[in-house]
Amino acid sequence: MKKILFQSDYNEGAHPAILEALVTTNMEQTPGYGEDTHCRHAAELIKEACQASDADVHFLVGGTQANVTVISSILRPHQGVVCAASGHIHVHETGAVEHGAHKVLALPQHDGKITAEQVDTFVSAHYADESTEHMVQPGMVYISFPTEFGTLYSRSELLALSHVCHKYDMPLFIDGARLGYGLQSSSCDITLPELATLADVFTIGGTKQGALFGEAVVIVSDRLKKDFRYHIKQNGGMLAKGRLLGIQFEVLFADDLYFRLARRADMQAQRIRQAFAAKGIPFLIDSPTNQQFPILDAPSLQQLALSFGFSLWEKVDDTHTAVRFCTSWATADEAVDTLCQAIAKL
Amino acid sequence: MKKILFQSDYNEGAHPAILEALVTTNMEQTPGYGEDTHCRHAAELIKEACQASDADVHFLVGGTQANVTVISSILRPHQGVVCAASGHIHVHETGAVEHGAHKVLALPQHDGKITAEQVDTFVSAHYADESTEHMVQPGMVYISFPTEFGTLYSRSELLALSHVCHKYDMPLFIDGARLGYGLQSSSCDITLPELATLADVFTIGGTKQGALFGEAVVIVSDRLKKDFRYHIKQNGGMLAKGRLLGIQFEVLFADDLYFRLARRADMQAQRIRQAFAAKGIPFLIDSPTNQQFPILDAPSLQQLALSFGFSLWEKVDDTHTAVRFCTSWATADEAVDTLCQAIAKL
Amino acid sequence: MKKILFQSDYNEGAHPAILEALVTTNMEQTPGYGEDTHCRHAAELIKEACQASDADVHFLVGGTQANVTVISSILRPHQGVVCAASGHIHVHETGAVEHGAHKVLALPQHDGKITAEQVDTFVSAHYADESTEHMVQPGMVYISFPTEFGTLYSRSELLALSHVCHKYDMPLFIDGARLGYGLQSSSCDITLPELATLADVFTIGGTKQGALFGEAVVIVSDRLKKDFRYHIKQNGGMLAKGRLLGIQFEVLFADDLYFRLARRADMQAQRIRQAFAAKGIPFLIDSPTNQQFPILDAPSLQQLALSFGFSLWEKVDDTHTAVRFCTSWATADEAVDTLCQAIAKL
Amino acid sequence: MKKILFQSDYNEGAHPAILEALVTTNMEQTPGYGEDTHCRHAAELIKEACQASDADVHFLVGGTQANVTVISSILRPHQGVVCAASGHIHVHETGAVEHGAHKVLALPQHDGKITAEQVDTFVSAHYADESTEHMVQPGMVYISFPTEFGTLYSRSELLALSHVCHKYDMPLFIDGARLGYGLQSSSCDITLPELATLADVFTIGGTKQGALFGEAVVIVSDRLKKDFRYHIKQNGGMLAKGRLLGIQFEVLFADDLYFRLARRADMQAQRIRQAFAAKGIPFLIDSPTNQQFPILDAPSLQQLALSFGFSLWEKVDDTHTAVRFCTSWATADEAVDTLCQAIAKL
């Protein structure tokens, strides 16, 4: 029997409505590089959803690409990007930020997050140091929402981060590769329009939330807008058939689909979470979104691995391993049922 | 009435067989990042077509990305890439190669091409110079096949280039963004397996030849293979749902489709070419592939612009402009008929 | 007998007054990194000489370092630096600018120079292009004064370049590695204070004009001043014992020494020039400064090479070679006498 | 009264013998860029001292420059350099390594050091990870000897590091900015020739040990030697009057001067250390070399600051600060006497 994969939120293709739109529009003739009507329309839909009519919206293929393009467009050479030590740009992008010639200034994380106070202490220490110019200048702050551990910043935490960023003239960049799962979580106390007032630039991930691929970059701050398309092209992110991105985001944002899919995935994840909790299985971290990190003993791990795919996250001790189960727009009720039954039998 | 676009070879979506395959496979669960069975199968098909069973095949989304990833993986910091002054990497990639910290060493082009003799003269002059180490060392050679002007290197020209590259220990990289159009041209005297013995690494373009997107990188030389996946990831080219690339190339290489589509587009281009020639309209360059560059006087240009889309290429004199018409897998017979009739009426 | 070297303007150590100052100050205790009183004093002297009291003055060790630090501090990632194809940064710095991730946008040179009209045409074509963002954006202009061929821009040429730079919001950077030789040439029609109003940033070379080493970077434009010391450090140009640079420039600018030395070297070069001209020997280029480029036939070249060192510049034809003779602060009258006699005997 | 500075080991100029040599050789005419007889001779002396007759020796101006040139010459783009979190390249070079496009892979330090075991664990974890290619590959190891805290690796620690480096095919680079102070310390159990068999490449610092400036790079491993001069030039480290470096190292290595000066400075530092210890003042770290890090309470700090210069290192608690006192070749007996008396009176 084929295993059911919960390894990631990109194990399947795209939501059927997206495929359908690609088929329907296939023989349309459009200009390339994102200068078509679909991209324009999708951008309008996103600006409406963000209540940010002055924002610039661009579409890129992947997350690493989007991160490095945004960061590279903002920083001057002597500046680095502040982030949590668990931040995706620090850990899992093969040094793409450094390949773009900038240091990642990693701060200790707690639940995948950093605090405004940490940032304030770090940046003020930089400017207070006798040899300031011998050190990389903090030039911007990167956070992910939800974090790599599925956790969420609260509204007040984001507000405080936004304040400290402005205090030191550092743009705040929110990596929203899984933004929908965050905003739709029952634990989330912030809306997309609110988030758009706190971030200077952020992404809305499509790849992990129903699209074949695609990340929307929303640039809120005027001073970050200039020449962004040059940066996209330079970083290899300008898709020849750019409309593919526009068409996908048109579908996702046309009818609240993006958020409906995320909400459902979050609920599936909560079902899985409860199944583990019911067995007294602890979690590496308390995640309210679509990623769950139970800590399994060796027999349980082996047992579940017979029928399910999931990611090994980290060794907790000699006999226990934290693993990751992800849900997505594509996770079927039956798949979760089967998993929960298997958990109950552990 | 809507204009018929001949602006580029990426004005439409994908060949229907590709869309169909994406729909069919949509709910399959696979691992990400190109480690799925579709990618493996597509790689096998390509190695067969190249008769290069030891080659490594990787799939990237776009051409600039593929170029910069290949180049960045090969060169040491003090080395540059030799190419024609008209080379895509020199002119139209927003300095992506330089953003990756390497100089493009541009040589004068003729019909979009450089010769082995030019390369030999240039490289031997470098090593003969008193201040060799004050100059960028030529580390590899980049050519495009067909070139940016639609022209082709002959077999003997490629053989000579390959020789001079080996003489100076410089890998030869062939950018095959439009490889099919080249190989299927009636003027082409080289086969894909032959090309695969002359290049150290080359690409097989999908984006302009029937795919939604995608470039296959074929690494022939053993010493260029190590750690290439790190470079893909670092350059933002590792697609989460990597199978999308595998599925597309499976379709293109399953049934000779890639070459059949290219052959047909080349023939459509020759029909257009003959229509211009029949009117005594000259060409900027003599192209045997899917791009045609007639030189139009102002009234003809205006007349054609009413019903057709095409690219302005360069001003030839005060009253004449070279323009570009492209055909592709998607060019309908009727579209070419309509264009040829309009040309006849100029 | 030892050959007399005219190979470069850095064949000897430093002017004795500089060595003396280094000896005198040797046991002073000062803070490092250019934050000592000598550096401050030298900066004041230079600002006075430039009549630019608001300028920032920094001291770096070498020319390539100064060029790359200035350029890297100015450009955004998608921008390149416009220069003559013969520009030092394009030809003889092992791609240091590209290693810093920027493209050098080389324009055809005439006598080592580019014109305001060339720049205007190039930049306006960039912005007019349909695919502007697919090309590197011209972000600044680099010229050398004197040029690599010893030639000079006239005041009106510089004025025009300055105008076109401002028109497109591109800083004008003048590489003054041999600035003194230029300003003291009898053909020069511009003063240092005038030059300081036309450039946004420029260097005053010490290495080739009497110092052991050292280039002063003069930043005139306010918007280029911020955080420059970070860039110096990042580019490896912050000398621990920074005072060594201050002390040397104090001596050079204390008593007009810098200009007196340059004037004398220019006169020695003119003597050499007249000796060649008197024999009917042609020149590759008409240089009014300390570098002379006679074109020698093979027997003359061999004859002179017995007793003198000079640089081979370029082959002119099968039997003639352009060579370079340099004078400097250290060129003795007797050395020039001996050379002129040898030339007369050819 | 002028304060006596113990702030750094580069508060003065150069040892008088070096100045004398510069004066004596001043009017010699030599070729530039390190291709003169002084550089060749100095390289020979260093190879003798290292008993490494096959090594390549190059001379660069400064430490950051030397570090970034060595690292940039070794790593491929997807690789990073492993070092202690306190390593100079990670903390105090304004991200020069990242500006050169490589990540610094910082490991937790103990007394400024990392262990072979740490490196082994880190690197084996990298290769064991499911998503290896999503992370920067460890490509080399950097340590400083002595460390930034003045501490020393023992012979067995170095041997173990060398082993683990070879196990993973990672060159070991030892930053010897203060190498002499390390080798001459009474706590040191390794000789220069032994060190030269364990490192693949290392530097011998001149700037902090009697020279005006200058770092010798000693390349032991054959495979790291190729084309190194290109890298020097590209990184702005090729001094036009390169002989200045050769002359200085000739003096330092001609008569054991380098080591005699270091030994004396170490002894002066031990006198200072004992003075603090005699008062029961604790140290941040137990340093056997020329840097001492006593922890002062506020009144003591204020008292000493009246007459002496020293560096503030880090706050230990609300009322205590660790500071740094450095000795050097230039530290006079009387200066240390005065300091010790002042300490005794605290």
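Per-chain numbering from 1; labels A, B, C and D assigned in written order.
Methods note: a contact is a pair of C-beta atoms (placed from the backbone, for glycine too) under 8 Å apart; a residue touches a chain by one contact, two chains touch by 3 or more.
Source: prediction; values computed, not measured.
The greater number of contacting C-beta pairs, out of the two interfaces A-B and B-D, is seen for A-B.
Set against the C-alpha centre of chain B, every other chain centre is closer than that of D.
The geometric centre of chain B is 42 Å away from that of chain C, both derived from CA atoms.
Averaging Cα coordinates per chain places chain B and chain D 50 Å apart. Chain geometry summary: the mean Cα position of chain A and that of chain B are 33 Å apart.
Those residues of chain C in touch with two or more other chains are numbered 77-78, 93-95, 99-101, 131, 133-134, 230, 233-234, 238.
Residues 77-78, 80, 91-95, 98-104, 130-131, 133-136, 311-312 of chain A are the ones that touch chain D when the two sit in their complex. Residues 33, 72-73, 76-78, 100-101, 131-134, 137, 227, 229-234, 238 of chain D touch chain B in their complex. The residues of chain A lying in touch with chain B in their complex are 2, 4-5, 7-8, 10-14, 16, 19, 22-23, 25-32, 61-65, 68-69, 93-96, 99-101, 207-208, 212-213, 230, 233-241, 244, 309, 330.
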